[in-house]
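Down below are the structures I want you to see.
Both of the next two complexes hold chain A, though its partner changes from chain B to chain C.
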Partner chain A sequence: MIDVRNLSYSYSHNKSYAIRDISFEVGEGEVFALLGPSGAGKSTTQGILTGLLPIQTGEGEVAGFDLRHMSRDLFNSIGVSFEQSNVYGKLTALENLAFYRKLFDVETEDPMELLKMVGLDHVANKRAGDYSKGMKHRLTFARSMINKPKLWFLDEPTTGLDPTIAGQIKDIVLKRKQEGTTILLTTHNMFLADQLSDKVGFIVDGELKLIDTPRNLKLKYGQRLVQVDYYQDGELVSETLSLAEAGEKHRLSEIVAAGNIETMHSREATLEEIFIKVTGRELVYNEAD
Partner chain B sequence: MKLISTFLKDLKLSLRSYYIYIEIIMALLIIAVLLFVVPDNMSSGYRLLVHLDIENAEISQVVEQFMSKNDSSMIDEQIFADLDISKLAEEELEASESEEPGVQTIELVDSVELLRTGMEEDRNTVGMVVSFNEETAKLAMEFVLQGYESEQMRNLLQAQFAAPMTALLPGYVDQTELTVLDEAAEKLPAKVNLLPVLLLLNSSFVGLFIIAAYIFMDKEEGTIRALTVTPLRIREYLLSKVGIMLLTGIVTGSMTVLAVAPRHVHYGHFLVLMISFNLFGSALGLLIGSFYDTLTKSMGSLYLVIIVLALASVSYFMPAFSPLVIRLLPSYPMLFAIRETLLKSPDIGYIYTWAGVFIAIGLVLFALAEWRYRKTITV
Partner chain C sequence: MLRRILAVTMRDLRSGMRDAMIPYILIAPLLVAVLFKLFVPGVGSTVINVAMPETAEPAFAEYVERYGEVELLEDRDAIVKRVQAMDDLFGIVPKADGGYELIAAGDELTGTVEMVQSVLSSWQNPDLEPPVELKISDMGWELSPLARFGTNFLVVFMSVFGGMIVMLNLVEEKQYNTMAAINVSAIRRWEYVLGKALPGLILPILHAFAVLVIMGFTEVDYLQVAVVAFAIALISMIIGFVVGVYQSEPIGAVASMKILFLPIMASVFGAIFLPEKWQPVLYWSPFYWAYRSVDDIVLQQAAWSDIWLHNLIIIAITALVFALMHKRIKQGMRA
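Right, the complex of A and B next:
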């Protein structure tokens, strides 16, 4: 579905690249998550793949269309949900979708059904301009499904949504995945990526550092961790210690010997921890942005 | 199909934002002002330039005396005094029916050239050359007119000057002759004459600003990006906006011209011009808009362009002041082309030449704008 080689892009057409030498493949029916901190180049990559940004260096194919000779026909088979919601504030949610569906040459979804799916059916006739940020975001997300895309681009689909709604969105994506939709997910939410994707790519400073399945990554980089909460001088202290490191193993036995343990359990490393380990960078993740 | 859906959507959007109403309210204001405030004829009467081509001092004195006596307050008496009653009654009737206020001031000039340049500088002037042939001892009078004076005005001049002169110097007056500067000239009532300027500003150039405003609305909402990932072409997106401007331009333009000058306008020609000029204005607005990302930032450029284009109206009202820089403005031929559609016998060649020229320029600007938008859309 997606096959790109050596993509580089510079907004200012000089040596300062927003992305550099990016290559990856996404097979049909796969979910690929691009993970990286803010400014890493995730949206830029998606922009090139969706034809919003002209390809500069490199080459590639998206849904069978050569990126260098894009045809408008490509847009009948892809759907794009934007990071920043972009709907007509002066039109109602229903009008927004009713207009948008007429732009496609393929069979489309019923607007009301889509609104129901994202929980906006009760405000279908309200102008989108009066929507909250999260509601606009859901409308943008719903709109991206209207042409039943074979290839679906999701840029930060759950950012800024409250956990319940984020959960609903995740379920919709999972359902589409089961129905065979290929998905390129761009996010800095490791938890979401872990649950949804078949493959993840770590992107930092415009470079794709590594691509693998979450399972392999955990096997390769994950270590058994023990999280222990204990009392020290009357205060509750929490520590996470790796069983692979001699020093930390020793520290754990000290805590156990002291005997003031409240709780203690072992767990496997999260994608987030692996990301930090591989790239040396934090994934500053803030639900509020 | 996609173009139509987009057009209908844009129509809905424009009816829900206030820009479109600026143009409509302006049109209503223009109609009200022209119909109820501007008088039919704003000129306070004609100025008469007289050149006396007379060597004979005695005759010259008599004629000069007649001229100096003949100020506006005395004109009627003079006519009454010196004309055959039955003929006069008829002429007075005609003169009073017309809206022509007649000659108000008289100035003597030294040469025929001065008389002509004087007339060209002030279109509200008529001329008169009086010459005396020594051999035949006859006086000849020649009236020089702009060409748009009405039949009544011509009669009035004859009555005011030729007839009394004949009475004053019986046996001397030989002939009166009439020449006009421009055979085809036609004088429009003041309010109709104002129309081209107002129509061009409101129905073509305000659109330049409004279409840019619509684009910025889309840019700010980001909806322009959402459309970029559909099968809709940028050209269709832009054409739909042009269509909205065309619709409002035609509606407001027709409203204005049909309300103010229903008996003057050649509506078919007028429509063709409105379409052509509107296309030009919209394409220019799109192009300017492509260089900015908010309306506020683009305001300076848009304002400047509209003001510069509006400068042509100075030369439209004062033909004597038409420097090359103004004649080079696109609005200059536009004004005169619109004026043609309001004349009794419009110059079809002129109208359609400029209609064609501006459609062509509009298409080029549109192609440039399309290229600019394709290039500048970003994530």
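Right, the complex of A and C next:
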């Protein structure tokens, strides 16, 4: 469904790249999650794949269409949910969807059904301008499904939503995945990526550092973590150490030798920890997003 | 295809009617026309205006008075001076041989010279039929210069409002960031542009009709009006696009639209006041050519060939502006 090679992109058309030499493939029915901290280049990548940003260097194919010779027909088979909601504030939610569905040549979903799905049916006739941030975001998300896309681009679909609603969104995505929709998910939420994706790609500073399945990653970096809580100068300190690394192994034996241990157990690494290990970078959650 | 174009247009109309600005733009021009109508003086039914010497035979003056307004002036010099003033007025000076000298400035409306001549000859030959035709055409010629120029100006100026509507609808897309959603739908760029442009192309035609009706020009060729209004609507609409795709805030956008005011004012006032040999300095302006067409139309003396020629010039200039601006527009529509 997606096959891109050596994509680089610079907003200022110079040597400062927002993404650099990115290559990956997403097979039909697969869910691929692009993970990375803020500013890593996730949205830029999605922008190129959806034709919103012109391809600069590299090659690619999306849903059978060459990125360099995109046809409008491509858009009948893809759906795009934006990280920043963008709906007509002077129209109601229902009007927003009723308008948007007319822009496609293919069979479309019933707007009211979509609103029900994302829990906006009770405010369907309210102007989107009067919606809260999260409601607008859900409307943007619902709109991206209107043409029953075979390939679905989701940029931060759950960011800024309360956990219950984020859970509902996740369930919708899961359901579509089971129905065979190919999905490119962009997020810095590792739990979401873990639960939804077949493959994850770690992206940092515009570079794709690694691509693998969550399972493989855990096998590789997994069972060797030890979390140890101990007292130091009267205070409880917590450290997570990997037994795979000599330095950390040594550190663990030091703590054990000191003898002030409260608890100690080994556990599976989370994707987040693996990310930090692989990229040396934190996934900073930005509350404002 | 048509469905998508209309979807864009209908969305714009629906959304537009929900704030104050667009309904205001729709009716403001009509209000201006109504106000203007109130101030245009003497829209009487005078057929012809004639100045003659005080010494002229009273019976002759009375006879002419039946067909028009007569001013009695001191002597021939005073009459010549009067004829040269801006409005349509003829001088008639009795000659020693019993005949009459007809003094005209040369810029009178087509047909009026003939009218005066026929009045004169029917006076001189009482056996002839009275000039019946004169009575019939009476209606259309109640034209003061202010009514003529003012109306023409308003018709040309209306195109700006079409451009403004287009612009405001684009500003709305920028404001809500919805262009990105449009760009990932299956609508073609040209379908979208046409859908957006439609109100800006149709509205100036309707506005022009309304202005003419309000000003009392019910007998002009409305098809000609539509053709001219459409041509200048094109250029205003392009300016609307240029401004609209780079503004995300309506008030600022309307303010930027003012760049159109200067060329329009310059064109119209230049066309009215510049002497013939200076008129070429306005040839670059599509509004100048539109003004000339509208002037002919209002005077009911427009030939289709002139209208098409003027329109061709307008469209050529528009095409040039578009060629210069289309990259900018395209870029602005990216996101």
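Just so it is clear, the second predicted complex is superposed on the first by the 242 of 289 C-alpha atoms of A that agree within 3 Å, B and C clash if a C-alpha of one lies under 4 Å from a C-alpha of the other, contacts with A are read in each partner's own complex, and residues count from 1 in each chain.
Here, a residue touches a chain if its C-beta (ideal position, glycine included) is under 8 Å from a C-beta of that chain, and two chains touch if they have at least 3 such contacts.
Note that the structure is a prediction, hence the values are computed from the model and not measured.
Bringing the complexes onto one copy of chain A puts chain B in a clash with chain C.
In the superposition on chain A, A:Leu174 makes contact with neither chain B nor chain C.
Judged by the touch definition given at the top, the superposed model places A:Gln46 against chain B, while chain C stays out of reach. In the superposed pair of complexes, A:Tyr100 makes contact with chain B and with chain C alike.
Overlap of the chain B and chain C contact sets on chain A: residues 50-52, 72-73, 75-76, 78, 80, 82, 84, 86-91, 95, 99-100, 102-105, 140, 143. Partner chain B is touched in their complex by these residues of chain A: 11, 43-44, 46-47, 50-53, 72-73, 75-76, 78, 80, 82, 84-91, 95, 99-100, 102-105, 140, 143.
Interface residues of chain A, counted against chain C in their complex, comprise 50-52, 72-73, 75-76, 78, 80, 82, 84, 86-91, 95, 99-100, 102-106, 140, 143, 147.
Residue ranges of chain C in contact with chain A, taken from their complex: 3-4, 7, 11, 14-15, 18-19, 172, 175-178, 180-188, 334-335. Looking at the complex, you find that chain B touches chain A at residues 1-2, 5-6, 9, 12-13, 16-17, 221-223, 225-233, 377-379.
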